[in-house]
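Each remark here refers to the structure printed beneath this line.
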Amino acid sequence: MTVSTKPKVAFFDFTGCEGCQLTVIDALQTHADLLSAVEIVQFREAMSERDEDYQIAFIEGSCSRTSDEARLKAIREQAQIVVALGACAHLGGVNALRNWQSSDDVRRYVYGQGGKLYDSHKALPIQAIIRVECFIPGCPIDRNEFVNALKALLQHRLPRLPDYPVCAECKLNENECLFMRGIPCLGSVTRAGCGAICPSFGACCEGCRGLVSDPNIGWLRAVAVEHGLREGGFEAASRLFLSHELMESEGDRHGKH
Amino acid sequence: MNLQVLPKGALVEWIELLSARYRVIGPKRKQEVVQQQPAGDTQQPPREQYIFGELQGAHELELSYPSTILPPKKVFLPQKEELFSFKDNGHQVDLQLDERRTVIFGIHTCDLHAVLLLDQAFSQGAADQHYMARRANTTLVSIECLEPCSENAFCKDMGTWIMPETFDLHLTDLGHEYALEIGSAKGSELLQNLTNIRTATETDYWRFNQVISAKWARFPYRLEADLSELPSLLAISYRSQVWEELGQQCLGCGTCTAVCPTCYCFDVVDEVNFDLTSGKRFRVWDSCQFGQFASVAGGHDFRNSRAARLRHRFYHKFKYQSDSFGLAGCVGCGRCAEACLVNIKPIDVINKLHRKRVAVSGKRQEVMG
Amino acid sequence: MSLPLIETFSTTSAYLPLVARIADVRPLTQLEKLFTIELPGDLSLKHAPGQFVELSVFGVGEAPFSISSSPSRSNGTFELCVRQAGQVTDALHALGPGDAVGVRGPFGRGFPVRRFRGKDLLFLPGGLGLAPLRSLINQVLDERSNYGRVIILYGARHPSELLFQDELTLWSAREDVEVQVTVDRSDGNWQGHVGVITTLIPEVQLYAPNTVAFTVGPPVMYRFVLVELLGKGIREGNIWLSLERRMKCGIGKCGHCQINHLYTCLDGPCFPYAQIKRLEEAL
């Protein structure tokens, strides 16, 4: 399979910390051949040129304002492939923590009296607004996963995400389970693909890659309590990245969407 | 049996000698990374953990380790291994076989039994040359366990607490010395140029026999059913409620299969370079505990619940492999029980099934009587 | 003399594919294409109908496909009917004549049709199930005098999904082959039978003790077809099926294709119903 012309790629940022874009820049340093395979036409974090003619759009950040929605739809119009880059675009990210409170309260808390002037709403994954073909999870993204996803897109196929938990990769690295050290960890319900980088460095998995498709949250909660996590502590831990997913599944359970 | 005796102090010299000719692997301490957690939390210091790894010298070798996180299968079947590389859209392929000469020190007898089972699986029918190449170039130095390593181990029940008939070199701790049994030419090759070794005297044999005899009482039986009964116990337990209960509990994380010394299921994945015409094909560990493991192109999953997948693992270990190899697929090492967050333990599962059967046949006898 | 493929590479690595060339690609339906693969040198596949190969698109991956051509008609080539349904098949559909693919195999047990000389043969392909059965049917037709009646009952979901329509016409035209085709849903132009494949079975007059049935289709079809065939009095050992699994290695190692204690890639993919009827995971 040969690609006649280099596909044009653009990067966009919405509500997020731009850490995933930094990871992309980092990946560019270690994969110089990446630039021979694609043409980057828009990347605010890395270059000043800007072209609206692109086929693949990488979108970082969550959608958190009404005005974001129009911009997302415009990107969708242009791009053949939309890629959600990182936890904010994929899951709503840390930003979605605010979804547990009313948007009015959040605006008042952040902006004070001027709060009404802002059109911010709940922090949503971009998939809530537009169709998304491909997801690169993580906070930040894993650079190898980014590189492999891009290769797959160049081969005209969609990269497949693992649908097993982080525990699997953690064991391949021969780590002691963090629970055995009394550290609660979300690895057993979180989608693998990161190489269990956090537990391998002694930090618990916080679920930044989202839930596997069949998470056994009930039993993991029991495990956490058994290992000394206070009641409610598990919920607090799982909200950091999984707020949107948990609220959605809660909604499903009550028959609404 | 021709017993040799080696003072423990000679290990330094021995491993130095071997390192010149072999990659030397053995059980060593795992260095865990510890992060400072917020004050007042529940964190405890890491426990002593052991792994099989390349040795920089005898000082790293921990021959009295209880167990390792992963079994030695990773030496023959690495977590991720290159099968071949390709160029020019596949018009050129280059095979990758690992033929490094390797010695693995300190393999417990349960793990040695497990390697023999893997040997069967990978050599029968069309042989797996990638496994066979590593295996053929590896010499195993096993060691006799004198104490059970954990309450989850049931090696005595599985008959793996003593050495199999096939081995290369086997060590038994006699206190200040090791007794060495030589089981193969490959094993005796390891003793070349070793100066400190001597042939056992009658006293050595007496000490050796004492140590081995003392083992019996120290190792408990933990299964309530005999090894020979397990296939038939499972044969009548296929529809047992136990699997549904365990399926509720199971996290589906695949830890049990990763740490299992006899699990060898794998997936095959390609990685392509940015030219899209060259790349590599890899084999990576897979797990029958993952959803989609038994699914087909159309999407149908033939084992579509955690209960069905968990049952498959137990059947594979305690029935299917016994049926096809004549060797139990489980060696009773206890790693899966040790590592399972929700405490799914083979000892408990087998005993539960056994008690259910006893209860049923007891009732039947009452009725018949 | 040409060697069966598997013997030529098993001395190096059972996972190393032989590099072959796509000789021809023919679209059959919207989703299915027929690929003719040409082996290098004077190698021939020497397969039995019902066996499968592992086909690689280098850089994307490998997947199992049952062989669709009859060994009686191979000339250094073989045919695979490929439905676009995943990563490897998507990539295959993008390839054309001259492109390289990797081949390993043939693997597994095929249909032992020559055990059934003199018997009446009943073929029941459903949908893509015609791909492997076409191999068997054409072999049987090439040695037609060895067998009794040849009956083909083919069911597809929709007229647009019928595979090998030219061959169906050829078979129907023969006096020594009885062919019936049905679709689950008709379109405006369809003149034939409408209804699931099982609706064809009661109409067929069979002498059950002398009949051997070969059926390939999706799991749900098997359940209903089996009920009909057993109801007709065909023996469990004389009903042959081919089971679909995602064989990764083809040589009984990777574990993906296990059906209870059986390995589909070694013990199958073709099984007599009698062998699998008690296996919970089979159908």
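The first chain written gets the first letter, and so on, giving A, B and C; residue counts start at 1 in each chain.
Keep in mind that, in the parts below, a contact is a pair of C-beta atoms (placed from the backbone, for glycine too) under 8 Å apart; a residue touches a chain by one contact, two chains touch by 3 or more.
From a predicted model like this one, the values you see are computed outputs, not experimental measurements.
Student: Determine the shape of the graph in which chains are vertices and touching pairs are edges (line, ring, star, complete, other).
Tutor: complete
Student: Based on CA centres, what chain would you say lies at the far end from chain C?
Tutor: A
Student: Report which interface contains more C-beta contacts, comparing A-C against B-C.
Tutor: Result: the pair with more contacts is B-C.
Student: Could you tell me which chain's Cα centre is nearest to the average position of every protein Cα atom shown?
Tutor: Central chain is B.
Student: Taking each chain's centre as its mean C-alpha position, how far apart are chain A and chain B in Å?
Tutor: 37
Student: CA centre of chain A versus CA centre of chain C: separation in Å?
Tutor: Spacing between the chain centres: roughly 43 Å.
Student: Find the geometric centre of each of chain B and chain C from their Cα atoms only, then give the gap between the two centres in Å, rounded to an integer.
Tutor: Centre-to-centre distance between chain B and chain C: 39 Å.
Student: Can you list the residues of chain C that touch 2 or more other chains?
Tutor: In chain C, residues 59-60 touch at least two other chains, as defined above.
Student: Any chance you could list the residues of chain A touching two or more other chains?
Tutor: 1, 155
Student: Would you give the residues of chain B that are in contact with at least 2 other chains, written as numbers and ranges?
Tutor: As it turns out, chain B has residues touching two or more other chains at 89, 272, 276.
Student: Flag every residue of chain C that touches chain B in the complex, lowest number first.
Tutor: Those in contact with chain B are residues 6, 10, 12-17, 19, 56, 58-63, 83, 85-86, 89, 99-102, 218-219, 244-246, 248-249, 251-256, 258-261, 266, 280-281.
Student: In the complex, go through chain A and note every residue touching chain C.
Tutor: Those residues of chain A that touch chain C are 1, 155-157, 160.
Student: Over in the complex, which chain B residues touch chain C? Could you list them?
Tutor: Per the touch definition, chain B meets chain C at residues 83-84, 86, 89-91, 93, 95, 97, 121-122, 124-130, 238, 264-270, 272, 276-279, 281, 283, 286, 288, 293-298, 300, 302-303, 308, 312, 315-316, 319-320, 323-324.
Student: Which stretch or stretches of chain A touch chain B in the complex?
Tutor: By the definition above, chain A touches chain B via 1-3, 31, 33-34, 36-37, 148, 151, 154-155, 163-165, 167-168, 171-172, 174-177, 179-183, 187-189, 200-203, 212-214, 216, 219-220, 222-223, 227-229.
Student: Quick one: in the complex, what on chain B touches chain A?
Tutor: 30, 32-35, 37, 41-47, 49, 51, 69-70, 79, 89, 248-255, 258-259, 271-276, 285, 287, 290-292, 306, 339, 341-342
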